[in-house]
Amino acid sequence: MAKEVIKVANLEKYYQKRHVLHEINFSIHEGEVVTLLGPSGSGKSTLIRCLNGLEPYQKGDVIFNGEKVVPTEKNWQQIRQKIGMVFQSYDLFPNLTVLENILLGPVKVQHQSREEAKVNAERLLAQVGLQDYENVYPRQLSGGQKQRIAIVRALALKPELMLFDEVTASLDPEMVRGVLNIISNLAQDSNMTMIVVTHEMNFAQQIADRVLFLEDGHILEQTKGDQFFKQPQTDRAKAFLESMDF
Amino acid sequence: MAKEVIKVANLEKYYQKRHVLHEINFSIHEGEVVTLLGPSGSGKSTLIRCLNGLEPYQKGDVIFNGEKVVPTEKNWQQIRQKIGMVFQSYDLFPNLTVLENILLGPVKVQHQSREEAKVNAERLLAQVGLQDYENVYPRQLSGGQKQRIAIVRALALKPELMLFDEVTASLDPEMVRGVLNIISNLAQDSNMTMIVVTHEMNFAQQIADRVLFLEDGHILEQTKGDQFFKQPQTDRAKAFLESMDF
Amino acid sequence: MAHSGINVLFEGRNLIRLFGGLWTTIEIAAVALILGLILGVILGVLRTFQNRLLRVILRLYLEFFRIIPTVVLLFLFYYILPKQMGLNLLANEVATLVFALWTAAEMSDIVRGALISVPQHQRESGMAIGLSRWQLYRYVLIPQAVSLELPATINLVTRVIKTTSLLMLISVMDVINVGQQVVEANNQKYPTGVFWVYGIIFVMYFAIDYPLSWWAKRMDKKRLERANG
Amino acid sequence: MGSWQIIQQSLPLFEKGFVLTLWLSFVGIIGSIIVGLICSLLKYFQVPVLGRLAAIYVEISRNTPLLVQLFFLYYAFPVFGFKLNAEMCGIVGLIFLGGSYMSEGFNGGFDGVSKTQVETGKAIGLSRLQLARYVVFPQGFTLSVPALAANIIFLIKETSIFTVIAIPELTNTALDLIGMYYRSNEYLFMLVIGYAIILIPLSIILTILEKRVRYGTFGN
Amino acid sequence: LSGCGSSSKSSSSASSTNKGQSTMQQIKKRGTIRIAVFGDLPPYGWVNKQGQRVGYDLTLARQIAKDLKVKPKFVQVNANNRVDALNSNKVDLVLANFTVTPERKQVVDFASPYMKVSVGVVSPKTKPITKASQLQGKNLIVTKGTTAENYFTSKQPNVKLLKFDSKTQQFNALKNNRGAALADDNSYLYAWVKNQPKYTVGIKSIGPKQYIAPAVKKGNKSLLNYTNKEIKTLTDKGFFKKDYNSQLKPYFGKEVTPQDIIIK
């Protein structure tokens, strides 16, 4: 069996008094694609933000590559280089060009040589069809383009795990497809390990090796991808799936 | 045949130099539901904003209830009382409670008595399942709830025509259904005349008596609802429909 | 030696007089603020109208009061008004007038800024339910603008209060002027009195302005938090 | 003597006052920006003791009038053997006041950088310092430009208060001439013109700059 | 510029003075007379620690009001806005140590003088200034709008002047060594040094002998005539002698005699 990239053990998370994640346990192996589904407010974003230390958690452990993460800012900073993350809002740095956005991590954080990093960046840009945009500033791009660049920026660090949090939620419907295609390719061709939060059920169905269904901060079920969509184990998940297509 | 509620004749619209609506012609009869479809930037929002005078147009006419609208701010203010409009962003007034939001138009604009207006408002609130929220401020509501209130606010003026501009675009997926259901009911049970801009193709298919397909400010086709989705007349519309489901 | 100096405050009626001066300061600031804020709201609303001429005039008004230092405004009004326009006011009235007009100018800009930063949607939603322009301002825009602008308004208030320190220059018996009298009258007995007198004036201003600034800051922070989450 | 003659005769004095106003403003503003920046950095990096001191300084400076600050520096401090000449007092006073205003301006800019930008930076593994260097500061500075511009104008106007410590800047010059020759109309006119010459062009330049910067920032 | 002041014929000010003035009738009708006084100049016009306005000028002011059977209303002024206080009709009468000079005569009307004065220079005993020539290139402290300022500006252009708004400020500045010396009317320099043993009036008198007189707005004939009469009556009655003894004498050292100050 492939190696365990990330494992979450008994994770508990509070926002002040509010208990938003309860006893979260799961692990993901190399090459596996997990989609996190669940109603709004169920804790999906919170969970994947815990996985790269953007949110502190109050109990339990994150084990990355077999090593328990001691949750200090310094440690997380190291680990984040191995975990790519893309958010809903296409958060390119507006003060930097596309290429500078992409190179910032590899050059300044990982101390790759600029030339090497640039070659890699250009290869990735070509993959998402944006090779001509390297010297452009983010404001000159459409939403879909920005989101593709944000994915490239995360990939440029050669992460071992990618986290996607509703990356198409703020895109125009016609732009959604391009971005989802890129993630599909990543899953299928590059065999990237990833956790994907999405509301696009067709897309989820297509890429998910496994589905984690969250409600109110509990993992209600963990099911193989094809099985979940055909016959979810819990009534709640069934209701959820029904509500998603009109 | 039912009476013509609104008719648009040779409408042309520019944003400064930019020509965004070209020779728009169509009319809508009482009880008819028209959906406006088209890619992002094709001019859907601009068009329906012209219909209640939120945007000035440079040529052509809007004929409401058989009378040509003389486009002064004063006239539009009169006409807007008969045309309800709901936007993508749930624009409740944050400084007013739900009930005050709803009563503002009937009481201050139409000078209905407060009691009468309140009875009507409560009936409408019950219809959308929010009878318990009248004294709540908008910030305490979820997106879906806000959008339902916004619809009630528009209905409270007893409009003869309702305009919906992507009213579910900024809602959480699970909330979309509730809002769309309300619009469906309005179309079917109340026989409301309406123009609906949406990206939810299933929904559009379900309610549309007729589809106007817009591209680059031109009406490319006007087709019966069921026919449009089965076999659109133009290739562009076909490509559009394909891109919309993943 | 420094310790004996503080007694200058407790000689005769010195302390009471200083508070009396402070009261004059507060009175002028308060009246000017009330008049200025009301006028400012009206002007701010007018500045969002489309009328070109009106906007140019109000803009000039704003720029005039913004560019001319307050000291200069005080002298202008104190000396020129009575001579050129035959309008003769007491020093306190001149001061109140100047501060009110200045407050109105600054306030009009704050109100205008807040009004145009009420999201366009709100304006359109109001129009869509048929509100007239006046109703739109009355029920939708002004109430929202007020909460947006409150921190800036409080900051303006603290600035006006601080600037009242200039009143001494046009012979208003404000706290600083009284302070000077006290310093002068007690000079021989308390050579370090000057430190204590100015010291207590310093503390007085701080005691008035600090709570206001703190309040403004807290509201700003709350608003930021609301905007971010 | 006609008004025009009066104006002409007093021109050289006003010129001197004008130059002095400009010079004091310039030094004061540069100093304020430096002090403000230091305070903001201390706050941003939450430097233990110094950060708190800076915060206390900012509150004291922001909430007391320049006039009283100057009186202290000029009249009260020498009592205890700490004496600066008038112009130094003016400059120190202006920097004391301006430092806090500038610091607030910078803070506003830094705080204005969106939380998601900071998180994105963290997500690609930037350290605290790198985050500041590549994300927060470049964006924060542009965001703070409008506040800084307003402060610059504010500080120039505040130099008029230097008149109370006998610095012969514009206002002092005018008031002095009025005291000697009683031609208040003419001298006040000159005074207003003097400030207008400095502030109108500056205000226009800053507005243009502000627009440019704003255009450059937003649009992501 | 130095010539400007002495030769100025201030036509605009003079012409604008005819409107807006309070005649005797109006003052009587109003029941108050508005008088400009100093607030920080012991022993002439100042505020004691009880908060009362007292001093040589103030006693005179109250006497005038009393004889007019109206209430006095005091407006505190600084030296440089005494003229404008009259011209902009803020006050009816100035009793604020107002020295009669040719320039001032063109913009206000002076009544008969009630006091003699000339400019003196005070300096630290350790570094006394005894001749004007010692001041060359040094800082000399003055108050804006005083005869001292006027004298040094026009007659001693090589002396650098530090100009303040108020008496408080100027004396503080001297004590902080911001200038080598301070020039002002010699009589209150005497009063000041009496309590400041470290200082001495090194130059007792410089420039012409001058007089201090009440001033009214230019053209206010009725009040001017009245004031002239009043000064004469008071002089005859020995009022100023009494005033001197009660208000000034305690503040002056031995150097000063009543003959130096009051006019017989």
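Should a chain be cited, it is by its letter among A, B, C, D and E, assigned in written order, with residues numbered from 1 in that chain.
In the analysis below, a contact is a pair of C-beta atoms (placed from the backbone, for glycine too) under 8 Å apart; a residue touches a chain by one contact, two chains touch by 3 or more.
Please read these numbers as outputs of a predicted model, since none were measured by experiment.
Common neighbours of chain C and chain E under the contact rule above are D. A centroid comparison over C-alpha atoms places E as the chain most distant from chain B. Chain pair with the larger contact count among C-D and D-E is C-D, by C-beta pairs in contact. Ranked by separation of Cα centres from chain A, the top chain is E. Mean C-alpha position of chain A lies 36 Å from that of chain B. Each chain gets one centre point, the mean of its Cα atoms, and the points for chain A and chain E are 83 Å apart. Between the CA-based centres of chain B and chain D the separation comes to 52 Å, rounded to the whole angstrom. Measuring from the averaged C-alpha position of chain B to that of chain C gives a distance of 47 Å. Annotation for chain E: residues 81, 84, 87, 165, 169, 172, 175 touch two or more other chains. Shown for chain D are the residues that touch two or more other chains, namely 75, 79, 163-164, 175, 178, 184-185.
According to the touch criterion at the top of this document, the contacting chain pairs are A-B, A-D, B-C, C-D, C-E, D-E.
For chain E in complex with chain D, the touching residues are 1, 4-5, 7-13, 79-81, 83-84, 87, 103-104, 107, 141, 144-146, 149-150, 153, 162-165, 169, 172-173, 175-178. Interface residues of chain C facing chain E in the complex, by the touch rule stated above, are 11-14, 16-17, 20, 78-79, 81-83, 86, 88, 90-91, 169-171, 173, 177-178, 180-188, 191, 194. For chain C in complex with chain D, the residues that touch the partner chain are 2, 63, 66-72, 75-76, 79-80, 83-84, 158, 162-166, 168-169, 176, 191-192, 194-195, 198-199, 201-202, 205-206, 209-210, 213, 224, 228. If you check the complex, the residues on chain E that touch chain C are 16, 19-20, 39-42, 46-51, 75-78, 81, 84-85, 87-90, 165-169, 171-172, 175, 195-196.
Contact residues on chain B toward chain A in their complex (touch as defined above): 39-40, 172-177, 180, 199-200, 202-203, 206, 240, 243-246.
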